[in-house]
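The same subunit A turns up in both complexes below, where it pairs with subunit B and then with subunit C.
Then we have the complex of A and B:
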């Protein structure tokens, strides 16, 4: 009896199991077909072998992975990619945090305009923005002319690590600022006043109270920026030039130019694995609940 | 302003004979309790209370013993390792108080400290704050919108309106001798009737003429303030000519210790009458309302007190031609 009355009571606000399956089905199917299955298939390719004439040959072989991790070229690209992603993230945080913080605290009526200006670059494709950087940095550009006129020496800006770094950072910055903004908005600014009222200078109040509370959000924003940078394509290709290799362009080169699908698969899963590993370590270390 | 977060447009803030206006908040030595408590959510109760002491770079042992002493004071011993979100509203409030007192402030500033507590807890915390404040002899400034709270907790009240002081004084001063109709209605509650004053006759807008207990110099656009609990109600017959006003009871509410009546004296003009006497009046009854001379207050168009011109005894003579 109790069971029956229980079921009667629950019925109005719970969806029958059959209907739930029906409703969730299409979305699940799309994700499975467009994402999970290709991913598994592509992972499988990594264990095939490559032949210049026959291209991909069925095999169960970890040779591609061995080659990746023993070849200084591949390892160099991986380390450079991690390094660039790390530097770009630090640069983004250094620029983005003060902006996001000011954005939260400001009472200015231009606040919405400021937010709009930050989002504006996202309306333009990342590739086109990189072309914009090329125009700024290229030989004979305004910036170049100014440097030559002032210093008398020519500093090549194009095809440098610095150019790629700025390219990636400028690409990530809007995402980072928006993420940080929402994180900082969750911190009650009255706490700053409370700390100052208790005798903390504004700086100490910030570091003892506001920063620890905003920190988890900062970590999340940094992770977002890091993941984006790990997968940067346009900036290294357009601003780094042919000899500046990072993982995403390398993946394209193996896949599209070399037709070496097994190696492309390895590169892809190394990016994914490394990113997940680093993000996992970072979250475990930094987001630990005290 | 007192805490230093907002600049001062004009005037000085003097504490212990010293102008503190130019001091930043962190040098003012004020104990702040915020309406939202503003406890540091990532710190334990003990760390919250210790914060101000740490900022003063006191030795570790001194801080520990002071924190223990304060926890004992606000009766939260045993809770030191909890985080603020693990405490009830009343407990958070007490932590906020302990944190503010920890620094031995020159002045304790309470910004609506009770507004986030439920009614039963409110009174309890109010008493605790009051006892604490008495025991420590701590100068305390408390901001509140609740006049009962103000009446019950203060030694001295300041009623402010639009940033200006309307009246300052003891509870008795403000209740018995309000300086404006705003104070009269804010402290304790008053019936405010608008009308023209002519001798002892008060011609209320769209209402029965009111015969006042005292006589005043003629004044247009006045306000008459009468406290509900100072109005005496009687059956309407046999009072013609005496000071007071006739009306009809519209609502009668029995409240236990008192009864409250809504008496209509004009098409859209009602007076609240509160009586502690058990005599029942019913809705629809015609009644006569009276009060004594010291319980009526008249304010002019600038909301200043109008003093009686002639004493109450001669009032009846002066208004023989009053009725219009």
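Then we have the complex of A and C:
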């Protein structure tokens, strides 16, 4: 067994670098063609100018970026998007970590069923799941009836921040749980038993042993959730309504309603740039320090 | 019941009967030739759902009898228009026919993306109601006046004007659709100044309506809040009322006394359409009496031609009240000049407040 492991470890060294490059070349070229080139082309649009007749005029102008960063409206939408992404990620972690932890620890024969139930929502499109939330939160729904009956007052659930938060969190949760489960499974649970054997309480053993070892996985899962939430479209549109403005719907509005493709490009690259920046800062602060 | 000539309900005449007979004869004369090979494929960019189903029943069936294969490319307005714009540099685009609203047709025609429709190739263009001949680049398909819709159970006395909705008793009880914001502003301009071009006055009214708790629902979603009493009045095309009445809902329409702006859908041919001849034929069939009648019965929109031959319940439902309500067409060339600024104002000053 040890020989096989050694062979597997040595195998990458046995492939010449030139051959590896040759083998990876076609796939890399396909990715470049399909992703990078359109991205560069779309980034270029951001420096063009909108024209009512021609729709887009060739230019090299940073006016669209200046407009975005000098307009309180656009900045407000960006800040709201970051805030919602952060809140949704915290909510997902608070719900997802205990579930993922229990999934790793459980020896139950129903474990595979539990994993299947977590994966099941991914079989349904995010938009359809949001429509489901609309039915749950709408006026006259069972939930609305219960609230009115119990409290005697009506609380509008649709078109609220809370509705959007639940929509985004429910969309992200399966991804987050599966990522956390995979990270926690890499932690040797016997270490917790060892810590408890040496006198640590279960809570102390968890926070001093398991949590630090699982932390890099938690950060990766949180980043995944944050990135997904930054790009949320269906939840803000369907559950938040037209007044609830986030970046992805704003992008679609610039593109589809205003036909202002240069501004749509700017919104797209602001989302991408902000996400990369925040993820980079989080990685630097949370992972490298350890 | 008197109605303006251009809005009078159509009837099936001898000309359409002869055209139908000629079409049947032409189809028969193809003999054993495979229909799809005989005339080619026509790709239609359209909305999905009931609209696409209506096109299938009213137009596609006739086109297939003529030897065409019709492919529906269903998507949202933004995605459809975006595709036409994105493909402008390509020698051949995806669509032969694209369903458009007049404002978008104006924008795309200005950008040189649409084919000027040739009346010689689309004989039925001659039958289009005079008021709907608004663009040489778009054949009008359907129209429906925008009206104040209400639930008589929760609101026995309907508002007579958009201005009535400024009353605090309608606070939080009036809804419009975000997608048709230009019609909302122009309806407000019509109320405030009797002129759809008085945009600034219209904006003031919409801002006051917004301060009075204006709500937003998509057209599809407005029936439920009307039924539950969440809202009591909405601004929507009359067709929605017809559709919901046919579904058994107690929803009625009131024409605002200052005038109604019709919602219009049409069809255009992109300049790089692969099968222009097929596209012209499709539009010609769309403007035929049979297609117009079937679509009106299915969706509740008024036909765009003068001889659709509506009868029975559909004719009764689609007959405009007497005395004839004031119908004011949107000025699409004007809309195109103010659309960017108006859109930004709507996003920031109405939705953002």
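Note that in this section the second predicted complex is superposed on the first by the 261 of 290 C-alpha atoms of A that agree within 3 Å, B and C clash if a C-alpha of one lies under 4 Å from a C-alpha of the other, contacts with A are read in each partner's own complex, and residues count from 1 in each chain.
Keep this in mind: contacts are C-beta pairs under 8 Å (C-beta built on N, C-alpha and C of every residue); 3 or more make two chains touch, one makes a residue touch a chain.
Computed from a predicted model, the values in this text were never measured in an experiment.
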Subunit B versus subunit C as contact partner of A:233, first or second or both or neither: neither
First (subunit B), second (subunit C), both or neither touched by A:259: second
Partner chain in contact with A:190 - subunit B first, subunit C second, else both or neither: first
Partner chain in contact with A:211 - subunit B first, subunit C second, else both or neither: neither
First, second, both or neither for A:200, with subunit B first and subunit C second: first
Which superposed partner A:42 touches (first subunit B, second subunit C, both, neither): neither
Of all residues in subunit B, those that touch subunit A in their complex: 3, 5, 24-32, 34, 36, 38-42, 51-52, 55-56, 99-100, 103
Contacting residues of subunit A [partner subunit B, same complex]: 188, 190-191, 193-202, 204-205, 208-209, 212-213, 290
Touching residues on subunit C, where the partner in the complex is subunit A: 76-79, 81-82, 85, 107, 110-111, 178, 216, 224-225, 228, 230, 336-337, 339-340, 343-344, 347-348, 351-352
Subunit A to subunit C touching residues, read off their complex: 50, 52-55, 73, 76, 138-140, 241-243, 245, 252-253, 255-261
